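The following blocks contain the structures, represented as structure tokens.
Same chain, two partners: chain A is paired with chain B first, then with chain C.
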Partner chain A sequence: MSDQNDPMAEIRASFFIECEELLEALQDGLQELDDGSEDPETINVVFRAVHSIKGGAGAFGLEALVRFAHRYETVMDEVRNGNMHPDSEAMKLFFLAADHVSDLVRACRDEAPLPEETSKELLARLDELLGEQGIEEEEEASADDFQPLGVAFSLDLPDMDAGPETGRYTIRFKPEQELFATGNEPQMLLKNLCALGEAQVNCVTTDLPDLDGLAPETTYIEWLIDLETEAAEPEIRDIFEFVDGLCMLEVTGGPDGPTPKGEGTPDDTPPVETAAPDPVTPDATPAPEPEAAAKPDKVVEMKRGPAENSKDGGDAEPRKAAAPAPKSVVRVDLERIERLVNLVGELVINQAMLSQSLDEAGLSPHSDAMNGLEEFQRLTRDIQDSVMMIRAQPVKSLFQRMSRIVRESSAAVEKEVRLLTEGEATEVDKTVIERLSDPLTHMIRNSVDHGLETPDERAAAGKPKAGTVTLTAAHRSGRVIIEIADDGAGINREKVFQVAVKKGLVAPDAQLSDTEIDNLLFLPGFSTASQVSSLSGRGVGMDVVKTSIQSLGGRISITSEKGKGTTFSISLPLTLAVLDGMVVNVAGETLVLPLNVVVETLSLGADDVQMLRPGSYVVRVRGGFVPLYDLGVMLGYRSQRKTDAGAIVLLISLEDGNRAALVIDGIQDQRQVVIKGLDDSFYRAPGIAAATILGDGQIALILDPADIIAGVGNPRGGDFMLSERKIANE
Partner chain B sequence: MSDQAQTNDLELLTFRVADQEYSLDIMSVREIRGWTRTTPMPHAPDFMRGVINLRGTVLPVMDLARRLNLASQETNDRNVIIVVKLQGTLTGLLVDAVSDIVAITEDDLQIPPDISSEPHMSVVRALTVIDDRMIRVLDLAAVVPTTSDEAA
Partner chain C sequence: MSLTILAVDDSRTMRDMIRMALMPAGFTVHLADDGIHGIEVLEGIDPDAIITDINMPRMDGFGFIDAVRDQADHRATPILVLTTESSPELKMRAREAGATGWIVKPFDPAKLVKALQMVAG
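Showing the complex of A and B:
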């Protein structure tokens, strides 16, 4: 077994992946119960999730996890049997226990030290909850009795509620060449199959040619297995999960199946194909099947009971135990997808290079080459979209993690907090989701700790004692918007201002608008505030949040209303890999602007530009005034020109409603660009979000329009933000 | 480094910057590339030449002459970019030309005299003499700025 790629580690890894899913189901179920669901199925889901984790953990000898899950399961069983009605206290405990299970799973996975203390405490609390009614039962089924017997689980889990029923299956299994090429061994599969019950394995060698005609790399052999088992069909198929698509597999028969032993597939049962027909021996047609089955040339018998097999075949079993109902999804290593994404990125760059050189060759736009190129571009784009879609994931798992943060932080500051989530199904690129976790955690803590008042204060203000934090995700114009809103007291602007003055961040006599004061929270200096509580203060570390959001190509803004609450809005690109961009020229440099902010292009007349005050200009567009910025000047490429008349201007508009007109020298193209991160470990260029590689191999910078509007032209400390925004607001 | 310390051997890549001779521990050098046009970064410190495309990744390039407060010279085709790796981060150093690779022992290194009036002396880790020429050994960590000292 060691000569293979350590199957145990692989199985273990897949157990932990399944645990993640089960934990998600557990959280969902608990949430539904908490929301007042009376559906017995919900309790069943919770129970089964815990049970499955326990089962898998047992097989791997993760005793701490088994012990805890077992007690948890016992309690849930009481609930399921109607012996216990969970009140809100119990629900809280259930949530805590679920968090703890996920901690244990993680600790086991990372082989980190287990949180024994919490285990003990929660176990005691669970026992308390059980009281007398459960304790006896608890004794007889104590965790010590629970032996890590891999094979045992496979039989009771997927159909727990239905009693075991013996069925007879006929399994036809023909490996394709690829099965061997990927290092799989049919013998292992057959052994595992035999472990499910009484099996008779026949090897069909009718296709086997004489030694002269034998092509060593071609597969000729197929197996017919008669299996009498209590397992259900999905379990049988699970055995072949690793070779899905690498073999021809038919499973017929079942609990009531009258399939006679030794016979081929009955004609009335449609054969199920899991693989493309073998090109060498196209036996996808049903015709040769009965024939091949009826008169096998040589018969190899492999008859083994489960006991004999438990030693070597057994370790493949427990993974099935934890398997959820079959879904038509493929689990793929993220690395493989990353590789694909990178390759597609290279493809896009190459396509840009090709189209540039074809362009320069001066071919007629109607030539075959150009038509072909167009098709190529379309295909590239489709491929890119599809690849991106693979990585898209709903934000649900992220939001679930946040509900845990709310539970923990509200307990720490002794406030009652309810988390509402909306738009859990909103899909965002996996990398974005992962990197959102930290900033969101921080902001949720902020909302709970500083956004919400204490219960007494709330009662005094005529609000319900329990505060509410709302977490929302939605798609808006090619970006994802995530909002964290609390119904607390709102930002205490006087206090914020005073703190900022004390820190020397603003002059004491500065006149700041409400928005400007709110934005003070994001200043780096503000984070050194002394008011650090057991969690984190609002403003404490918000600059870090802002930086991490910016590094994702996102923006964050605050709105706050006194007495009503505070809302943080994060706007993020859907993916970190590609961008629809407008390629423009500025002072001899090539720059890329995100296409979604560009509203229109204008050519400036001499009368269009008005001076607002020395150094700042506005342009009149459709009856309104929009601040005018010369990109070349703002980015320091050139000094102010005498006149902007005749210049080309891009009118851009951001989600927050801010508009600006950017003076550029020329527009090159609209195209998809592959985003390459800038290593800003020692220098972060203001106004620049990322870079991309052009068709000629040169690098072009991708602009961050919001940053530009916020005043890139004056990149000195935090105050530039305020002074420039003033212009934008006027 | 430890096995080098045993034999006391040190290999240096020597190069010229503004007609001065400098060197770097060859272990920190990843590759040497010919000069290509850099894309300037807005409002960057003046020693930042910009970024170039290094096989698909964006590589920041620093003008070593300006970084060392030496007279910066016009770039020409013979200029090279030395790609160095420091704590997992790649940086390009623009130099006039690469001269040689020399092997010396630790004993050949001399601690530079403490001359506070020379602003870039702190980036020189040691001095050595090769063929009667003085070669400065750069302290890469001091040359390549980190977030703490150069953040905008």
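Showing the complex of A and C:
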């Protein structure tokens, strides 16, 4: 990413990270404005975000970004100053401009070609918004602002190009009262002046009253300086740039002109000879103290009064300790964290190994070794939690990207769409967030394109013309639930069915439940769009979405109500690395179940099990009935046993409310396991989420209980696996 | 010569750049995120000069300069305004608030050092 040894490259890299944060703040601010916030601070935040991006971009010479950000900033400044009230059209433009700034930032970061056409178009639209007057000011300001001048004034020492012609100047300088209020110091000015060449500084003290008449903080004296220098007049004047208007300044003479003798120099003022200090380090030479030498002490006193400089003598003082730093943040390459996570994974496995061998050694649970092991386990867990926290990030950035997708896709299909977000602060593993971006993008486009009706259709249905897409994130029983809901027409199940029949995906006479029909959307090659629109038809279908969610260890489901809308629900593990698992035995195999789904363990009595129909059993648990599944049978390890009496059962409960009882042969342990993903080279077996390495080096499969239940055909939904199988048979 | 500088800017990038410009010149650099933070940091140090941004959250550059000038110890501490805006009005406002001078962003490190030496050297 960046050359570690090049501080500039590092700052550049950190600038782009800062840009991401600023862009986030910009989006937030715009959203608040759009929601009708009247808070001036909101506009300020927006302004500052653009402003800071511009400032940084200027430092790195990213001209296209500077130019665009500057115009944008100018418009925001108008808003900030109350000269412009953003209507909804203007807000749309602001959002587009924000998107564009973000594009420019990325293009600059990746050194990719810049989207110049869009820049031009948006600049023109911003200009239009500014009106003529704005543009005029703008041109002027930008000409002034963006020469890479560095400093507005030139502090350059005598320029060789200007010719080493020596000139004699007479400078008359009388500070005014205000000069001191700004922290300027005549002594510094004179010193800088002396640095230009050979100078003779005369202090004019004629106006100086007696001690009694002295008013503190009043200026009485002026200086006359004879300067012999190779510098040109502008250079001399530049020294006084900061005090321009705060003093009387006359510069006469020059390289050719006769050297006017300081007529104003009263004879009684003793001239002070000063040698020009070393021009490079003007401070190295004892600074000429013109006032001190030239004036009575009281003058010095008086001068110093208002301009009392805290630095006096300060150079010799030991430096004080650094100020308390603001909450310090370390930016770390993701790769390094990745490595740490892997190492922690190894540690967890290692700890399992150790624990297993101590177990086998038959040590007393009260032995030192066992106590130490317990402590070791606790520490491992703490380390693991901390490492996971490093990678956790709020989903906010992801949601903001989606708001852009909504803007773009709604514009493409000419629908008016509002995006509402909830639970932006929900934290998820960074890897999960990154890998969610594509599926979410696709689903959002889908909602806008297929889910929502056209404005006319909405009006006809008695709905507001603008459709709403709601994006929600929440933590629920150790998983992250992300929902994409639209308030559209809902899934047109008849049409879905027809399309599926037409594509040969289901038999025309198949009897499918609503849920089964909805799940047809996830079949490869399915698309309800009768025409490939610019939005869909990117070669990605919901099947791809489903696959990518599954590869994250997640699940996706649909609920839809006619006329009310459709909700896609994604359930994801919090992290992709470590899982609290229950290690169980089934038909001689070792399997791992996520601990968070296990509610309790039961031992079955003969009376507890009831047969609904052949092959379908329920178990009585606390007065209710829960479907009973034999894991060994479901996974194909063994055939159905004659009786389940005496078997051990795990009662599991899923975040969607489904419950089930799983028959197993024995419980081995309860421990953290490191999730090792089964990559694409394996066939994705229903019900199997991943694998892990146990303490003895054995590999065990990690089960996905929800997927297992769905695969069997739970009466309460999630029948996709069933329908898939049905379809395959047909 | 070593100077102690307090630089106040809400942009991390800008703070990094200032630090990078001034440290090699042997300056001691203290940083703050905004005006309020700047005042807090100022309590523990005695800088030879202060650099401040204008557009900042919580307390902007003008407010910060005002607050610094209100402190008897810092009535004459040189304060340079670091800004992307170079309009005469802005300079006027900065000066009225009590700024010693101004530097327009983007700045050249050598020139920033020189400017500081000019006002505080």
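Going forward, the second predicted complex is superposed on the first by the 484 of 730 C-alpha atoms of A that agree within 3 Å, B and C clash if a C-alpha of one lies under 4 Å from a C-alpha of the other, contacts with A are read in each partner's own complex, and residues count from 1 in each chain.
By definition in this document, a residue touches a chain if its C-beta (ideal position, glycine included) is under 8 Å from a C-beta of that chain, and two chains touch if they have at least 3 such contacts.
No experiment lies behind these values; they were computed from the predicted model shown.
Q: Taking the superposition as given, does A:74 touch the first partner, chain B, the second, chain C, both, or neither?
A: Neither partner.
Q: Counting only touches as set out at the top, which of chain B and chain C does A:31 meet: first, second, both, neither?
A: In the superposed model, A:31 contacts neither chain B nor chain C.
Q: Determine, under the contact definition given at the top, whether A:687 touches first (chain B), second (chain C), both, or neither.
A: first
Q: Given the touch rule stated above, what does A:698 touch, chain B (first), chain C (second), both, or neither?
A: Only chain B is touched by A:698; chain C is not.
Q: Mind telling me which of the two, chain B or chain C, contacts the most residues of chain A?
A: More residues of chain A are touched by C.
Q: With the two structures laid over each other on chain A, which partner does A:559 touch: chain B (first), chain C (second), both, or neither?
A: neither
Q: Looking at the overlay, what does A:241 touch: chain B (first), chain C (second), both, or neither?
A: After superposition on chain A, A:241 lies in contact with chain C alone.
Q: A:421 in the overlay: touching chain B, chain C, both, or neither? Say first, second, both or neither.
A: neither
Q: Can you list the residues on chain C that touch chain A in the complex?
A: 1-4, 10-14, 16-17, 20, 28, 30-33, 37, 40-41, 44-46, 48, 55-57, 69, 73-79, 84-87, 95, 98-108, 111-112, 114-115, 117-121
Q: Spell out the residues on chain B that touch chain A in their complex, using ranges where they run on.
A: 37, 39-45, 48, 51-53, 56-58, 60, 89-90, 144-147, 150-152
Q: Applying the document's contact rule, which stretches of chain A touch chain B when the two form their complex?
A: 346, 349, 589, 634-637, 676-679, 681-688, 691, 693, 697-701, 712, 715
Q: In the complex, go through chain A and note every residue touching chain C.
A: Checking each residue of chain A against chain C gives 7-8, 10-11, 14-15, 18, 41, 44-45, 47-48, 51-52, 54-56, 58-59, 61, 141, 144-145, 148-153, 155, 178, 180-185, 188, 191-192, 239, 241-242, 245-246, 281-284, 306-311, 314-315, 317, 319-326.
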